[in-house]
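Same chain, two partners: chain A is paired with chain B first, then with chain C.
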Partner chain A sequence: MRIRAERDDLADVLGRAARAVSNRSPLPILQGVLCEVEGGRLRVTGTDGEITIRTSLQVEALEEGRTLVPAKLVAEAVRKLPAGAVAMSSAGGQVEITGNGPRFRLRELNVDDYPATAPKATSGGITMDGDLLTRALNQVGVAASGDDARPTLTGVLFEADEEGSRLVATDGYRLAVRDLAGAENFPTTLVPNRALKEVSRTIGDSKITVDLGEREATFGSERGSMTVRVIEGAFPPYRHFFGSFPNRLTVPREALLDAVGRASLVAEDHIPVRLNLHQGGVELSITRQEVGEETEHIEGDFQGEDMTIAFNVRYLTDGVAAVVGDDVVIHATDPVKPGLVTGTDEEGFRYLLMPVRV
Partner chain B sequence: MRIVVAQCTVDYEGRLAAHLPMATRLVMVKVDGCVAVHADGGAYKPLNWMNAPNHLLDEGDRWVVTNLKGERLTITFGAVHFDTRVDLGEDPGLRKDGVEAELQRLLAETPGVIEPGLSLIRREHPTPVGPVDLLCRATDGSTVAVEVKRRGEIDGVEQLTRYLDFLARDRRLAAVRGILCAQAIKPQARQLAEDRGIGWVEVDYDLLRGLDSPVLRLF
Partner chain C sequence: MTADPPPILHVDLDAFYATAEQVRDPRLRGKAMAVGEGVIMAASYEARRFGVRSAMSTAVARRLCPGLIVVGGHFEDYSRLSTTVFDICAEFTPVVEQISIDEAFLDVSGALHLFGSSVAIAGELRRRVRHDTGLVLSVGVASTKFLAKVASRVAKPDGLVVVDPPTEIAFLHALPATAIWGVGRATETRLGELGIGTVGQLANTDPTTLRHHLGRSAGGHLHALAWNRDPRPVVTSHRVKSVGAQSAFGRGGTDPAVRHRVLVDLADRVGRRLRAKELAGRTVTARIRFDDMTAITRSATLKAPIATTPAIVSLAVRLAEEGIAAVAAGRVINLLGIAVSQLSSSPHLQLELPFGEAPGEGVQRAGSVQERARHELDLAIDALRSRFGTDAVGPASLVLGGRTGSVPDAFRDLATRDR
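Showing the complex of A and B:
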C-alpha cells in the first residue's frame, strides 16, 4: 500500500476512525486502524468490537493494498507532521509515514487477524437533516444513564410518533424526549448513547442517513459511517408521566442557568436546590450545613398555586441547558411528583425530572 | 491506637506535594501503622494519610512518616491538646447486611417481582447438588426454580443449570424452568442463560427494601 495525501485530510480520516478504538479493548488487534487503498480511495476503519467507524478519502494511490497500524499513534503522527503532502506506505512489516522532512516507521499489526468489518447490506435508511439530528441527540443524550448495570437505560430510544419520529432517553431519575416532527418513522430501536455521542464528532454533516436494523444501527454521511450494536431489551414505559401540570413558571433561561450555577458552588451533588414558585417568579435557595447557603430571586411569570419543589442541581442544569430559546418553562404538580422543563420557542423537547424530597 | 488532638502542619511529598497549614486536627496512628490526619468534618476521608507499611520517626514535636514508595508525610506539632493510646482489641469485622440472603427473603415475600403471577412453593428447596433458593409455581402451572444472586454471572447460570437438571428428574414436579435473579446480570451470563432457555431478571434491592430515600425515581 502506498499513498500520498494532504496532511490535514489524512489526519482527519485517521483521527475520526480512531475514535472508535478503545484502550480498554480486550483484543489487542483492535488497537489498530485498518487502512485499505482501492480505486483511488483510502478507507480507514476503527472498531472496539461494538462501535465501528469508517471514513474514506480520495488520495493519490500509488499502490493498492491494506495495512493495520496502531490507531492513536498513526493519527497523532500524521497530525504532527509539517503541513503539506504526506506519503504513507507499508512494506516489510512496517508503515512509513513521511512529510516535509520527518519520517515515522511504525510497526505494522497483523492485518489478517483484524475482524471482518465490511459494511453490511443496508435497507437504505432514513435520510434527515444532520444538524437537527445531532442537536436532538445532544438534547436527549444528557438524560441517558452511564451505568451498565441497567443497559436499557444507557441507550437512546428511536421510535415512531403520531406526527413523525421521536428520541427518548432516561437514567431513571430524568427523562428527555425530543419529537422530530415530519421525520420519517424510525423503527423502535435502542441505540447506545456512548456511540451516539460520536455521531457529530465523526460523521456529522448536513445530511445523515439513519439505518436502524434489528442487530445494528448505522449512521452514515458523506464523511463516513458509524455502526453500533443495538441494545436488546425493553425501554421502560414513559408516556403516562406526561399528564397535566397545574403549576407553570416561565423565566429567562440564561438567568435560571446562571442562578443554578451559583447555587452549585454551595451544593454538592446530593444537596438539592429548592425552588419556591410564587406569583412574580421563583426564589432559589440552597443550604449546605458545613459550608453555608445561597438564595436569590428570579422574576418570571407564574401560574398556579405557590409551592416549593427541590431538584438535583446537575439534573436541573442539564435540562435547562438543553432547552432552546430565551425562556424556559418549569411545570410542576407537587413536591414529590415529576417536574417538567420545556422551552417556549421550540416545540418538541420535554425534559422530565424527579424532585428530591426535602 | 494512638489518638492525638493537636495544632499541627502537615506536609506530604510523593506523587504530588501538599501542605496543610497550622490548625487543630485529629491525628490517628493505628496499630497496623496507618497514619491519618482528620479535620473536624466529613465522615470518613482523612485530610492526609499514609497507609501501612511505613516507618514513623517520632521526633517529639515532629513526626516523619515514610514508605517504600518514597512518599513522606511530615507532621509538625504545635500545642497538643490530647494524646492517648487505647487498645481497641481484636476487630470482629464488619457485619454486612447480607444482601444476597436479604434479597432472597424479600423475593420470597414478593415473587411477583420476578414474574407476574409467580407464587412461592418453598425456599431452599433441596436437590442432590444443593438447595435451590426459591421454588415457585407459575400461572401456567409450571415449576420455576429461581437462583438469587447479588451479581448475576456465568457461575450462577451454571449452578442453576445443575439444579434444573436434577429437578427435571423429579416426576412430582411439573415442567421445570429456571430464572436467574440478581441486582445486575452480566451480559455473558444473560447470553448463556438465554442460550440454555433460562430466564433472567434484574431487581432493584433498594426498591424491594422500600427504603425511604429522599431521591425519587421515575423507574
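Showing the complex of A and C:
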C-alpha cells in the first residue's frame, strides 16, 4: 500500500483508532493498528479485543493494500513530523513514513494474524443529536462503577418504556438517570462505560448513530465508529427509589458547588459534608478531627421538616455538577434514605445518592 | 574506656506459663512439666531438655519426656502475674511497650538520674520480679529494640546480657543468623545456600544479593538489622493496629471441613474482639503454618472496613484455600491464623443503595443492607454471650460440629494479643 495525506489528518485518524489499543493487551498482535487502502480511502482499525474503533480518511491512494503497524508508535511518529504532506508505504515487511525530510521505517506486524474486524452490515440503528447523546452519557457516566468485581455496575443501561428512552448508571452508592424523551426507543442494552467515555473523544459529531445489538453496540458518525461488546447480566431494579420525597431544598447550583468545594478542603475522601436543611436554606458543615472544620450557609427555598443529612463530598459534587441550569434541588426523606439531586427545569436528569451514616 | 550502657531493655519472662504454674504449686518446681491441654503452650526448662516445645501435641511431648506433668491453664493467675510484672517495670520508667503477656520493651533513658545506669535498673528489675512474684525475668540491654531482644534471647534462662555500644557489632556478628528475629527455617535455608551462617556473614553480603534472594524488603531489612540499624522507638500507648487469633492443631488441618470450622471459630473470636473495641478493618490476612514450621500468609483489602463474623469468615476461607491450593496442596497444616488490620473507629459509613439483593450478596461490603443488618445481629450475639457465656449462642457450624481444639477460649484469648 502507498498513500499521501496531510500530516494533521493522518495523525488524527491514526491517533483516534489507536485509543482502542491497550498497552497491556495479552495478544501482541493487538498492539497494532490495521491500515487498509481501498477506493481512495484509508481505513484505520484499532482494538483491545473488547472495544474496536474504526476511522477513515480520503487520501491520495497510490497503491491499494493493507498493513499492520504498532499503534502508539505510528500515531506518535506521524504527529511529530513537520507539518505538510506525509507519505506512508509498506514493502518488504517494513512501513516507511516520510514527510519534509524525516524518514521512519517501522517493522510491520503480521497482518494475516489480525482478527477479522470487518464491520457488520448495520441494521440501521437510531440516529440522534450527537451533542445531546454525549452530554447525556457524561451526565450518567459519573455514577457508573469502575470496579470489575460487580460487572453489571460498570455499564450504562440503555432502555425505553412508554415514557421514552433513557440512560441509567449506578455504582451501588449513587444512581443517575437521564431521560431522552425525543429519541427513538432503545432496546434494553448494558454498554460498558469505559467504552462510552470514548464516544465523544473518538467519533463525536453532530449526528451519531446508535446501533444496539444483542452482543455488540456500535456508535457511528461521519468521523468513524466505536464497537464494544455489551455486558451480560441484569441491571439492578431501580425504579422503586423514585417515590415521593417530603423535603425539598432549592439553592443556586454554583453557590452549592463552591460551598462543597470549600468544605472538601478540610476533608479527606471519607469524611462527609453535613447538610442541615431548614427554612431559609441550608447550612453546610464538615469537621475533621485534628485538622479543623468549615461551615457556611446558603440561602434557598426549603419545604418540609428541618433535617440533617450527610453525603460523601465527591458523590454530592458529581451530582450537582451534572445538573444543568441555575438552580439545583435536593430532595430528601431522612438521614439514612437516598437523597435526590435534580434541576428545576424538566431536563430529565435525576441523580440519586445514598447518605453517609454519621 | 567504656561508653555509657545503652538505654533500651527487652524484658522477657522465662517459660512464663510453666513458671507461673510452679509459683502456684511449689511441688512442680524443678520438675519436667508443661502447660496445655492437647497442645503444649509452655514447658519448664526441665521438660525442654527432653525436647518438649510449645505448639507440640501433648501426646508427642509425653513420648519425648516420659513422666511429663501436664497441668491445665489457670488463666486468671497468669494475667494477674503478668500485670504485676509490668507494674514493677512501670515503677522504673513510664516508657514501657508491652508486646505480649510475657514480654516488653523499656526505654530507661529518662530514668537514669533516679536509678543509676540501665544495667543497674535491669538487675534491680530481675530481683524485684523474682522477689515479688517468684517468676524469672531475663533481660537484654542494648542501643536498639532489635539488639535488646537478641540479647535477652542470649540471656535466657535467668540471665542478663548487656551489649555495650562499642562492642555491639562484634557481639552481633558472632551470632548465628537465626538469632535475628524473623529468620525462620525458610530464610535460614536460603541464607545457607548463599553460604551465610552468621550475622557477620550476613552483614558483609551485598544488600543487592540479599534483596535478590530474599525479596526486596526482607533482604534490605535483614541487612540493616545485621548492622544494628533499627530506628523503631519504644512506644508507650500504641494504638491497636490489628486484631488476630490463631489456632494450632494436630492432623486435622489437611481436611478442608476441619479447616473451615477452625476459620469460623477464629473469625468468630476476631470479630467479637473488633466489635468490643468498636473497630472495623479493611484488610483480612490468613496465615497458614505447616508441620515443618514454614508459613504462608495471604491478604485482601476491602473498600470499606468490616467487623462482622461472616465477612471475616468468607474472606479468610477464600484466602486460606487459595493459598493452600497455590503452594501447599497436600502438605500437613498445623496452624491457622486470621488477622484484621487497617483498623478504623470512624463512625462514618457510606450506605449502599438497597437494590433488594438476595441474602449473602452484600457480604464483605460494609454499607450494604445485608452487612449492616448482620452487624446489628452480631452485636446482639455479643451481648448475649457476655451475659450468658460464649457457648450460649454461636455459629451453627461450630455448635453442630463441636468447637475446635481442646484449648479453652479463655486461654486462647489470653495468649493472642492485639497489636
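We adopt the following convention: the second predicted complex is superposed on the first by the 357 of 358 C-alpha atoms of A that agree within 3 Å, B and C clash if a C-alpha of one lies under 4 Å from a C-alpha of the other, contacts with A are read in each partner's own complex, and residues count from 1 in each chain.
Everything that follows uses one rule, which is that a contact is a pair of C-beta atoms (placed from the backbone, for glycine too) under 8 Å apart; a residue touches a chain by one contact, two chains touch by 3 or more.
Just so it is clear, the structure is predicted and the values come from calculations on it, not from any experiment.
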| item | value |
| --- | --- |
| Fit or clash - chain C, chain B, common chain A | clash |
| Touching partner for A:45 - first (chain B), second (chain C), both, neither | neither |
| Chain B versus chain C as contact partner of A:202, first or second or both or neither | neither |
| Touched partner set for A:271, first chain B, second chain C, both or neither | second |
| Chain B versus chain C as contact partner of A:55, first or second or both or neither | neither |
| Contact residues of chain A, present in both the chain B and the chain C interface | 170, 172-175, 236, 238, 241, 270, 312, 336, 338, 352, 354-358 |
| Interfacial residue positions of chain B with respect to chain A in the complex | 41, 183-184, 187, 202, 214-219 |
| Sites on chain A touched by chain B in the complex | 149-151, 153, 170, 172-175, 236, 238, 241, 270, 290, 312, 336, 338, 352, 354-358 |
| Interface residues, chain A side, partner chain C - complex | 147, 170, 172-175, 236-238, 241, 270-272, 310, 312, 336, 338, 352, 354-358 |
| Residues of chain C touching chain A in the complex | 303, 346-353, 355-357, 365, 367 |
